[in-house]
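Per-chain numbering from 1; labels A, B and C assigned in written order.
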């Protein structure tokens, strides 16, 4: 592999990692602050993608579709939180796993009922539907660069909120000691609803912007779910910084592992996770 | 027959009486078709297309097979191989179907074959392409109306060489079906004198192709041959085009890359060449009427999966018409099925000794969002199936 | 802490066991010519019950939620598949010890790595290991890959030349599975009532306290993990024997999720609950699949309802029927655990 291609692979790894971060950030927030394991997280990603597909077909405009889809996703998060998760905060993790597993079944089948089993696509939206020439026979989609930019901006925003706002302090405190925060008079109920909705919105948004890059097909949420969990566990639960670096690590490992050690490629992320947990059982940035 | 622990005279007598009574009215009972297809999960579209094709064929026969009504028992296989044996057993032993039609997924087929062997149930495979089903694991009661991975990819090897390519990179998912497909192509291509620069195996079912596309670009082959299907096929082709690779490195593949995916591919599919035993633009009478009827009934163009379901229905119809609806003599039924010859939408179709289709394989190119037939890549291709001892 | 269940539970379970054990007698009368098929289904349910029961040791008794238990299930199936000779049956005399040995070793290795983690991390690491084995088998040549592998002959149980039990006969196999299940149940019952079991109970309650009392809690958890793994492997072996087929899908996280569903339906921590859960799950699946193509919604809703409304499962209903529950107070002490303790009505704070 010469330098030029090494550079391109670096780019590939970065782009994949950044998108993973967007999805994982929602998961780590939900888990870190609320203590809820949400197995249906991948289904949210899928819903974001299908929503944007549906609305782009309706409006003929990708950006408008995203604008409309985001509030829908937030509303869905609210409904799920109020309906189902309300009773699970103080309960065993097992119940959360089971309930969200049941949710996956319901959501996946609902998707099939509404949108059917065919494969769909969302065309890459203007003005990003060009490609730039990287090497002699390789181009790179400008849209991917755009996605990377969005992920970086959002990463910055999230980081800024967590580090430099009052809400951020409450979130960080809540991750450490929920009861104390409640004791300080902060309405934890509303905080949780907010966090969950934001988490769902982030993931659904990831699905929306990723839609032009992948194919919209049943079961697309399942594969991203496990990778996401690995990212969160490596990075440390509740840590946005951990989700970021965990995602980058996984992104790079998957990309380079694919070409350097193809026979182990499918297991590489689990091997990394096992290694991290051996050395730091609570994740890198816990 | 299985042994009953408690076989009193009464039970035996009662059973015999019931059976003979049933035998008398055999021709009035509906023909029960057990469909073991995926109605949930990634392969839903295929399961539905096959079911649609099958039902269309039977409706064209007036909803009857050999003068008997048809009853469908649809069981969701979930494309889950671990449940395959029990699901098949449910159809055969629980629902007592006359024919089992399925599956889509080769792993599920393996599980089904196990039960087919034990029960002797007549099984018609309308998709699963694993070679072993009609080769090492062949049995008289198992038929296939679809293809084998080898059968579809082998002709492309010669085509690729004749197009002037000498160095090719092959890429697919790291799973049995993909590897079988590549093996067929590589066998033909290397026999002609070509060279496989690299075989890339992508973890199944990942659709993150960027790193592999970069790798392909660095290898600079004459062409790329690939097998992907469903959503993965769409992703790969679109990513391939977005990376600009198609300008210098033509993309070849077996038809699953694009079949059923035309709408989702959009412009990206233009110029992609694939080999498959069907193309919706085939110019023969059977196909013209089939495409029209299918679009009329279901509002969308058919694909190869629909044809496979349709041909299964036609096969059953022909066989049962010959027998006058009498399925009581199993050996005769199997014999008749094996001798079915169809003027299928895919062209002339008959069955080899291993109960696998002898059919044409076409070279297709996507132009204007349709599979245009460039040539017949292999005519009446019969799969050798040397290991089949029937 | 001893588990005392009302007498009626024991009576109910005995009646059900008797019903199942005598199926060959009444099966035909009820199911007619479908009796053989029903027997097959029943055998499968017994095997799944063993699988679920083994997970209950981890989840219900010790409180370790594993999302990778299918690893052991598939391990048992594949050990049988790969160790079986091609052209004649293996002997159960060495196959069973082989399965136990292999799963114990794997359980020890995985357990050593996994027991260090707690809570969500335990869930994640078990999931990861399950996935690792799944990918390892899927991409391997020697293990048949994603198509799976056949087992041509069921192992035989013979002494010299005489056949002790003809496992090829569906009835004998049914009884073999039933006996294995009962043996497993009695073993677990003995285990949980022993000193070892009480330590596990204490660990579930409050691990720090147990550590303060001087117990090497990791060691106890590891042993429980290995035992659960071995039992699951035996179940996997039986499952592979029933249909003669092993496939990587048996190792996947969906299978791990399904067995967890059996636990919630049946009732955790009770040992007999998962047996009921396995039966309930299979029966529900059967009914739903026949009802509609969109059966996953029904199953998903059932699980959600079970978690919200019936967290103690069928066993919980048997132990503490709703009428009796209302009369007692809802104690506010320990945070939720799923075991049925001496006070069977400790509800969640939000009830």
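Assume a contact is a pair of C-beta atoms (placed from the backbone, for glycine too) under 8 Å apart; a residue touches a chain by one contact, two chains touch by 3 or more.
Each chain and its UniProt protein: A = Branched-chain amino acid ABC transporter permease.
Since we're looking at a predicted model, the values are computed, not measured.
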Pair with more cross-chain C-beta pairs in contact, given B-C and A-C: A-C
Reference subunit A; chain at largest CA-centroid distance: B
Centroid distance [mean C-alpha coordinates] between subunit C and subunit B, Å: 36
CA centroid of subunit A to CA centroid of subunit C, Å: 33
Per-residue multi-chain contacts in subunit B, two or more chains: 40, 174, 201, 203-204
Sites on subunit A at which at least two other chains make contact: 108-109, 112, 266
Contacts with two or more other chains, residues of subunit C listed in rising order: 135, 138-139, 294, 296
Interface residues, subunit A side, partner subunit C - complex: 31, 37, 84, 86-95, 97-99, 101-110, 112-113, 226, 229-230, 233, 237, 263, 266-267, 270-271, 273-274, 277-278, 281-283
In the complex with subunit B, residue positions of subunit C that touch it: 24-25, 28, 33-34, 36-37, 40-41, 44, 135, 138-139, 144-148, 150, 169-171, 242-245, 247-250, 254-255, 289, 293-296
Touching residues on subunit B, where the partner in the complex is subunit A: 40-45, 47-48, 174, 200-208, 210-215, 217-218, 220, 230-232, 234-235, 238-239, 242-245, 247-249, 260-261, 263-266
Of subunit B, residues touching subunit C in the complex: 2-6, 11, 15, 39-40, 74-76, 80-86, 89-90, 93-94, 96, 106-107, 110-111, 114-115, 130, 132, 174-177, 179, 201, 203-204
Touch list for subunit C against partner subunit A, complex: 59, 63, 65, 67, 113, 116-117, 119-121, 123-125, 127-129, 131-132, 135-136, 138-139, 253, 257, 260-261, 264, 268, 294, 296-297, 299-304, 306-308, 311, 335-338, 348-350
